[in-house]
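Some structures are shown below for you to check.
Both complexes shown next keep chain A, but they swap its partner, so chain B is in the first and chain C is in the second.
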Partner chain A sequence: MAEQESTASVLLTHEVGLHARPSVKLTKLAKTYSSDIALATAEGGPWIDAKSIVRVMAAKAPQGTVLHFRASGPDADAALAALVSLVKRDFDEAGVHVSERSHAGD
Partner chain B sequence: MSASASPSANVGIVIVSHSPDVARGTAEMVRQMVGDEVPLAFCGGNPDGGLGTSVEAILGAIDRAWSEKGVAILVDLGGAETNSEMAIEMQPEERAGRIVVCNAPIVEGAVIAATEASGGASLDIVRRTAEELSPA
Partner chain C sequence: MPAIELTGRAAAPGLALGALYRLAERAGPRRVAGTPEEEAAALTTAIASASAALIAIMAEAEGEGADILEFQVAMLADDELAAPALAAIGAGIDAASAWRAALDEAIAGYRDGGDAYFAARASDLEDIRDRVLAALDDGEAGEPIVPPGAILVGRDVTPSLFLSVDWKAGGAIALSEGSPSSHVAMLARARGVPMVVGLGSLPTSGAAEAIVDGDGGRLILDPDARAKSAFARGAAGAADRAVVEAEAARLPGRLADGSPVRVLINVAEPEELDAIDPAICDGIGLVRTEFLFHSPGGLPDEETQFRAYRRMLEWAGERPVTIRTVDAGGDKPVPGLTIDGESNPFLGTRGVRLSLLRPEIFRIQLRALARAAPHGNLKVMLPMVTVPGEIEAATRLLDAAVAELAAEGISHMRPPLGIMVEVPAVAVVPDLYADAAFFSIGSNDLTQYATAAARDIAAVAPLCDAGHPAVAALVANVVRAGERLGREVSLCGDMGGDPRHLPALVAAGLRAVSVAPRLVGRVKQALAAIGPDGAA
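Showing the complex of A and B:
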């Protein structure tokens, strides 16, 4: 079976970063693909399992981080395209996190 | 009129708090952050409306969240755990081994367990993922 490894990176523009809700969305999306998917907040790693909600939340990537993905498996390219798109869309959260932001200034 | 909703392919989540507000709020976070793919039920407070937990209410919550893949229970303090264990012991034999109490913080554990469950993970994986939180 031909295993392909693919990589992609995307700038995290979401203003509170990879906090709880985006982490859940990212992990849930990653889980819908059968490929192994890893995520890192720096090009050289460390790489974490993008399907592990605990690890992704613990990464605490702030706004402005470049997220690096690498995937291997039959649907690696589709998985990366979907994940990059999710991050670019700010996790479909525009306007949702207003209340969290107002607390951040305390 | 037990779980006549469509049989779920995902592990169910039960939230047991001493406070009805904590239980409801935790369930709300799970619904908003994770979604509807996971059977979810909660209970909190004693029958008199005060703080506490009741085996009766926990039994009802387990029935509402029941899934053939099992149910993971998230609890807050002492009595919530012992009453949940009592409720597990009272289950019919065919559910044996398919209901567990997770050793994890109630809010974070519920969100994480539900996230894991929504991807179709087994009960054991759901529990272990929620419990990964604790030592960190």
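Showing the complex of A and C:
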């Protein structure tokens, strides 16, 4: 009865970690897939719904965290590939690091 | 303008002068704005309309502002954000209170991390909270934001409103209805918030300032110069008394003949302990764990409970700490746990009855307690025990939890399991309950059940009087049974903190009371004037 489950992990390099903007992007992307997608900041969990920005923000993952994904459903593999790529691309927002750092710095 | 003075009943001691803050009529007890279905629908609609408003603003915004709006819209679109509020609504809380409590919890989580970036997001969440409240408002007032130091005046106050107010800045409560034994009055006494109830009809407008005299049960509206100078003298006198009581608190509890009386404290939240020196007490006689279960985040997990219990045990060191298993129900509904719509909640599925009905939730608490036990001197207490079989059933569940932890190789100890004596059926024939490791008399409920007068119904509240000789007789009966059975007996209700009742308790043979932390000095002073026979 259990569907095939796919897993992937990727290093979070974004300077301020998994905060508001990256979380918005990640959950939006996750929602475009029909598979169930879970995220964890440690291999053993706890696993959280990667489509829930409330949960993803609450994970408070800092820079240097290894993000673990697992997905089950018809497009599980595609979803994981897209999510890993988004994290690797630093959420496409190299340009905003400076403003976020100044936000966090003082 | 001459001062208007109203007299009601004292519910929490102390004096306060402050700006008057009138609660809207609807802000009464469990402000029934509608059925849970209507409240849930109102919240969903309010979220949608707040979301639409944000999206409209977003169309005009650029850069960082747009990013923040996008974040806010994404949060509002996530069902997880409203889930705790909807759960609370399902348990009978109104939409505005439920939403506020849920968001406040989330906001605190963001603020507390020590991460500046996250703290900045807390204000985005505050904005979301207020937008939805405004949308919910729709011409009707939501849960008010009470300014610090205000004198809250209204018909009644909900526990959630009480908990939402910052009382550190002072303030007080004056109610036209209410009861000194309500849950809010208990909270007020624990936090040192002066409170007066049963004032009758209050002028609906005019006054801007008021004095609450929580000892004399008085509310003085628009105090004149004379009333204010009397207040200043009273406040100075109270401050002097507080100094004397603080000194008395440091001494061991003794009767006039020098024989010892143990004085312990009642605690709800671990945070209360931060301001208390463990040296003033002989331990914690009652931990009310319901407060853990009141988080809008839902029922607490094992780890959360374990940390809270361990913190209290570590605070107490070698002193005993009696933690009561969750006593939900009655006047303490817990979303997701208590049963809605019981015709008579005080005589319904509450305390250990509920825990035994929901063993999957009870098991988590028992595991957390057994895990915390090695960190101090823990005793576990079952509330509302009515028949010996309930002790047996709870013992089996505790043993099972201990066996599980042992099998999992998790550090633990099996704490002794005692009972709260608050049902007359137990107090009349306590010898039948010899399986209990100890007895702790819950005088609030015992009084309510012995007098058949509800604690929260103003009209009969005067009947619900711990001074009724029947209550002292029941206490004496339990003390004697404790001596026969070799079981410790203590009392952890408000009766033990009231100097008027202490002579009767001493005469009944009781030698251990657990009281609100701020009453420790007062109680020790009073005890020192009482002989072993209860005579002054």
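Everything that follows uses one rule, which is that the second predicted complex is superposed on the first by the 104 of 106 C-alpha atoms of A that agree within 3 Å, B and C clash if a C-alpha of one lies under 4 Å from a C-alpha of the other, contacts with A are read in each partner's own complex, and residues count from 1 in each chain.
The definition used in the following text is that contacts are C-beta pairs under 8 Å (C-beta built on N, C-alpha and C of every residue); 3 or more make two chains touch, one makes a residue touch a chain.
Keep in mind that this is a model prediction, so the values were computed, not measured.
> Check the residue A:72 against both partner chains and state whether it touches chain B (first), chain C (second), both, or neither.
neither
> Count the residues of chain A touched by chain B and by chain C, then name the partner with the higher count.
Partner touching more chain A residues in the overlay: C.
> Which holds for A:28: it touches chain B only (first), chain C only (second), both, or neither?
both
> For A:60, select first, second, both or neither according to whether it touches chain B, chain C, the two together, or no partner.
second
> So, does A:16 touch the first partner chain B, the second partner chain C, both, or neither?
Only chain C; A:16 stays clear of chain B.
> Based on the superposed arrangement, let me know which partner A:49 touches: chain B (first), chain C (second), both, or neither?
second
> Taking the stated contact definition, name every residue in chain A that is touched by chain B in one complex and by chain C in the other, in rising order.
Correct list for chain A: 20-21, 24, 27-28, 52-54, 57-58.
> Considering only the defined contacts, which chain C positions touch chain A in the complex?
For this pair, the touching residues of chain C are 64, 67-68, 70-71, 74-75, 77-81, 106, 109, 113, 115-118, 120-121, 124.
> List the residues on chain B that touch chain A in their complex, please.
Residue list for chain B touching chain A: 33-35, 111-112, 115-116, 118-120, 129, 132-133, 136.
> List the residues on chain A that touch chain B in their complex, please.
20-21, 24, 27-28, 31-32, 51-54, 57-58
> Inside the complex, what are the residues of chain A that reach chain C?
Listed in rising order, the residues of chain A that touch chain C are 16, 19-21, 23-24, 27-28, 49, 52-55, 57-58, 60, 96, 99-100, 103-106.
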